[in-house]
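Both complexes below contain chain A, partnered by chain B and then by chain C.
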Partner chain A sequence: MKTEKYKISNSQMMFMSISFIQGAHLTIGFMSDITGRDIWAAVIAAFLVSLIFISIYIKLAQKFSGKSLIQINDILYPGVIAKFISLVYILFFFMIGVENLVFTGRFILSYVLPETPLWVVVTMVNFVCGWAVLRGIEVIARCCFLFSLISASAVLVVTLLVAKDMDFSNLQPFFETSLKRFIQGAHVIATIPFCEILVFLMLAPNIGDIKGMKKSILLGVSLSFIQLLVIAIRDVAVLGPLISIIVSPSFETTRVINIYQIITRLDILIAIVLIISMFVKISIFYYAVTKGLAELFKLNSYTYVIVPVGIVMINLSIMTFGSSAQSDYAAAHIWPSFALLFEFIIPPVSLIIAQIKGMNKKREEVG
Partner chain B sequence: MFRYILRKVAFLSTCGKNSNEKYKYKEVEENRLCTDIDQNLEALKNILGSSNDIITREFVFAGEGRVKGLLVFIEDLVDNKIINESIIKPLISGTPLIYKKENADNVNVVKSEMLSVGDVKQENSMDEIVYSCLSGDTVLLIDGSAEALIIASQGGENRGVEESKTESVVRGPRESFSEDLRTNTSLLRRKIKNPDLTLEKMKIGRRTGTMVCISYIKNLAAPELIEEVRRRLKAIDTDAILESGYIEQFIEDAPFSIFPTVSHSEKPDVIAAKILEGRAAIMIDRTPFALTVPMLFIEDFQSPEDYYSRPYFSSFIRIIRFLSFLISILAPATYVALTTFHQELIPTNLLLTMAAAREGTPFPSVLEAGIMVITFEILKEAGIRLPRPVGQAISIVGALVVGESAVSAGLIGAPMVIVVAITAVSSFVVPFQSDTGSILRIILLGLAGFMGAVGIMMGLLVLIVHLASLRSFGAPYFSPLAPHNASGMKDTAIRAPIWLMDTRPSSIDRDKRRRQAAHSKPEPPKKQ
Partner chain C sequence: MIFILVAILAVTGFFGVRELVLKRYWRELVLYSFLFLCGSALSILQAMRIDLPDPNIALQYVFKDILNLYYK
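Now for the complex of A and B:
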């Protein structure tokens, strides 16, 4: 493919990680019923935990510079086990893609187009993502600057407009949730928006400067963390105790805006941000799945599997959940424990194996 | 699927090539001159045919040898003054210098001692002779020598250098290119008095033999770019090149995209500015438009006047232009999305007013918008093509009948007319993108009618991804927005002061060399 010649630069990487995590603007909704008003603290805790794991992923990428996750597995694990782990990872990425697709589709259905059938929305979103995947990951990376700018300015606008409705005493009392629930909430935030950045390991062959990537990814993650924190504090300050019963706090916060009866109901702005950031997120997972399949089955090009993967994604997203309540419950209570294995256990183990193997090799060279 | 279609297209185009091979020019068998002037004349007449504008003037050189000579030219293409004063006069009545027919040096003697014309070439290939004759040069054959002299004598009628019609400016040079290639290159030379300005000529088009000229600045344009331009131009194998658009469609990177990836202009100052940034310009004979490559999307939003007036106003106008482009593609779609899907976003009072105005209109707003947008395109097209007096009638009919009576008859809601009017006016702000705008507007309108704001968003996402994936001669088309670069931002939504734009656009000039001294900021003299 011609588009694959051009590598992703460091600043593109930064904006890509910002856009990628911006997809969590609204997903923050489904953990708000776990942590309630302490969600901002959970965001901070989750960020700190995630930093450790993100550093592990980066370390892994740098150790095998220019190799994707599938190739890394092939090196670290023996034969069939490597293939099995790779396959499970692809399935994991696939499920995240489907979950995001369901979330987007259900969101659009419930807030923007209530009478449209789900499959129309999902097909349309997936078509756009598939088309972007066909153009190549570099193209998606290039667009991320614009996308993250649009999302960030939407957050800024909403925050400024809602300023007069904010009441910071709503943040009190601090830490009213039990420690167990707090940890659960932080875990959800760590696994869903932050540590999903693991998927960038699949893009490693397309990154221009693996060594300089660490700074740009960490900067991107931190910037989007600040954005997420602003959103969390804003939503709590505006909504107060209501936050734990509302399905989508950001959306409700935006609905509060009312300036001279003219600037009202800006919720469409949030929908736009959601569509943009979800587009980036789904496309990246979609790309990871197709690329992973191509590498696993040694295909010439990943473009062959775009259409079949897309069809399965659409079907699965229609069938998996009966309602958005179900999908939210799954995301908040089931998925994080599932993701634990892929995000928090396998990568450190891989890194340790890599270190041991590396040491052995060195010893052999010396001896 | 796309690949399948592309393969089919590629197959079809190779088919075309094969059949083209058969109908190549019938090669002239004897395509070199011989020493006998009568045979040469016979051969020339054979090729040129019996058209009555071809003049073959036989004469005898002054002097005792009475050597025969022959001038061949086309009556209306040559400058008669040159023929009479500078060619025929010295040959017939000048100092006798030609003595013998067998003297091989005759051609040189004539060239260096008799003709008083600047550009004279020796040539013995029949094809070349015929081509120069057809392009307005005079051919001189001398009995006994197998070489002819091609004497530059192009003349005839040409439109002079006039004021630009398509890109008018308030401040800045008025002149624009005309149809004549030489006039155009001279306009460029006068702007850039630098030996590095290179003009490479090339002949394209089997039947039209159009002169095409690649112009660039030797040390600024990347050698790979020039090589690529040459390669693509050489690959053109066609009958006719009648306008720059022919060349554009043969060399563009994305022939299936609705966005142009080759830029064009008819103003010498614009072309000069572009080649000074490291681009290559392609000038085509008989066309007042020159092409430049590589092209960036934002070029269409840059007017030469932005650089001539001061930065604040230029930046303001830039932003207005971006806004107008967005309005021109999005306004009808947004109106339809708002009235059909998201009424809650409209402030209540406005909603009531709009509902009152739309009350009783028979069509849904998508259809209404579709009708109005198409009507606008029809009126626009009619206004452009018709002779001017009739064109005015069209605009009156359009304004009164469509605007006024459609509303008062209750067929179309008044807000719709306002929206379409704004769209129409905005679409003229960025003239180069107005054709893409028309297509995008209708596509987005359809998407808005289908899925409201979500549909519009989907359309825009596809649009942005498409723009980001385009390349024009190696340069990323949507740069400096995607991929972003900070130095390019100085000339995007804002136009930074000239003294701040010290490097050339990095997507075109990869080396990022400076174009002016680093500290060019004007400052008052320091007090002692």
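Now for the complex of A and C:
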């Protein structure tokens, strides 16, 4: 397959990481049902655990400089097993893309366009994402700088405006959540926003400076973590015990803003942040799926499968989950177990195999 | 409504297949055709308001009922 000429710079990689994880700041809203007021502690725990696995992903990318996940699997695993693992990963990324598309569609339907059929919203979103994928990773990488700044600014503005409504005593009592629920919360947050960075392994051939990748991704993830933590603490401080029962805490927090009856109903800011953040996330997964299919089946270019993959994504997003409650339940209770294999088991095993193969090769050269 | 959908799919499919046939990209044509037909079939069934099974039910069944590997 022809490799794209464009190389992503370190700064673009950092902003892509930030934008990518910003797309999850509202999805952690459904975790507040499980962790309650300890959501901020779950975010910290998830971040610390994720750092280990993100480092593993980066080490794999650096060890196989310039190779995507599909190519890495071809090197590490024998014949059919490599193809099977690659296909399963493509399906995994496809499922995440569909889930994010459903989430975005339902969000727009619930809060922005309630009378519009779901298929219209999903088709529009997917069309824009497909167009970005067609133009190449260059377009997505360049957009991420602006999008991450817009998202961060919106979060900062909202946080400053609700500062007078924050009551930090709402964070108490600390750790009233049971250990099991806390682990579940941390596991979900580690799985959904942070360790989905694994998809960046599909972008490895487009990265200009592989050695600088570690610093840029870790910095991007750390900055996003700070933003997520600020959001979690802000929402708990404003909403208090209500956070456990509200569907979208960030949205409700923004609705509290009321400055002299003039500056009110700023929830549109959160809607804008979500839509542009989800655009980045869906585009990256869409790109990973088409690129993965192109590499797996040795196509000349990934662009030929963009349209059919998009049509399948739209249809599956309409079929998936009858309601937001079902998708929230699956995301909080089922998805962490499913993603465990892809995010927490296969990458470390791949790295161990790579290390052993590397050591064996050195022994053969010395011998 | 279904006729409009079929027309749009037919036009999209025609231009996609035409490009691949002209360039003689047979591997791409096979994959494109397979995915496009799957997508088109799902679209037409959706337009006919036929209830299609949720793919996540299979996932939930495997992890919840068979493996018992989920957070209760």
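Methods note: the second predicted complex is superposed on the first by the 364 of 367 C-alpha atoms of A that agree within 3 Å, B and C clash if a C-alpha of one lies under 4 Å from a C-alpha of the other, contacts with A are read in each partner's own complex, and residues count from 1 in each chain.
Throughout what follows, contacts are C-beta pairs under 8 Å (C-beta built on N, C-alpha and C of every residue); 3 or more make two chains touch, one makes a residue touch a chain.
Model, not experiment: these values are computed from the prediction.
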Partner chain in contact with A:308 - chain B first, chain C second, else both or neither: second
Partner chain(s) touched by A:293 [first = chain B, second = chain C, both, neither]: second
Partner chain in contact with A:318 - chain B first, chain C second, else both or neither: second
Which of chain B and chain C A:119 touches, first, second, both or neither: second
Partner chain in contact with A:338 - chain B first, chain C second, else both or neither: second
Chain B versus chain C as contact partner of A:184, first or second or both or neither: second
A:356 touches, of chain B and chain C: first, second, both or neither? neither
Shared contact residues on chain A - chain B and chain C: 307
Of chain C, residues touching chain A in the complex: 9, 12, 16, 19-20, 25, 27-28, 31-32, 34-36, 38-40, 42-43, 46, 52-56, 59-60, 63-64, 67, 69-72
Chain A - residues contacting chain B, complex: 3, 9, 11-12, 15, 108, 112-113, 116, 120-121, 124-125, 128, 131-132, 134-136, 139-143, 145-147, 261-262, 264-266, 268, 271-272, 275-276, 279, 303, 307
Chain A residues within the chain C interface of the complex: 119, 180, 184, 187, 293, 297-301, 304-305, 307-312, 314-316, 318-322, 330, 332-334, 336-338
Chain A-touching residues of chain B, taken from the complex the two chains share: 1-3, 341-342, 344-345, 347-349, 451-455, 457-458, 461-462, 464-466, 468-469, 476, 478, 481-484
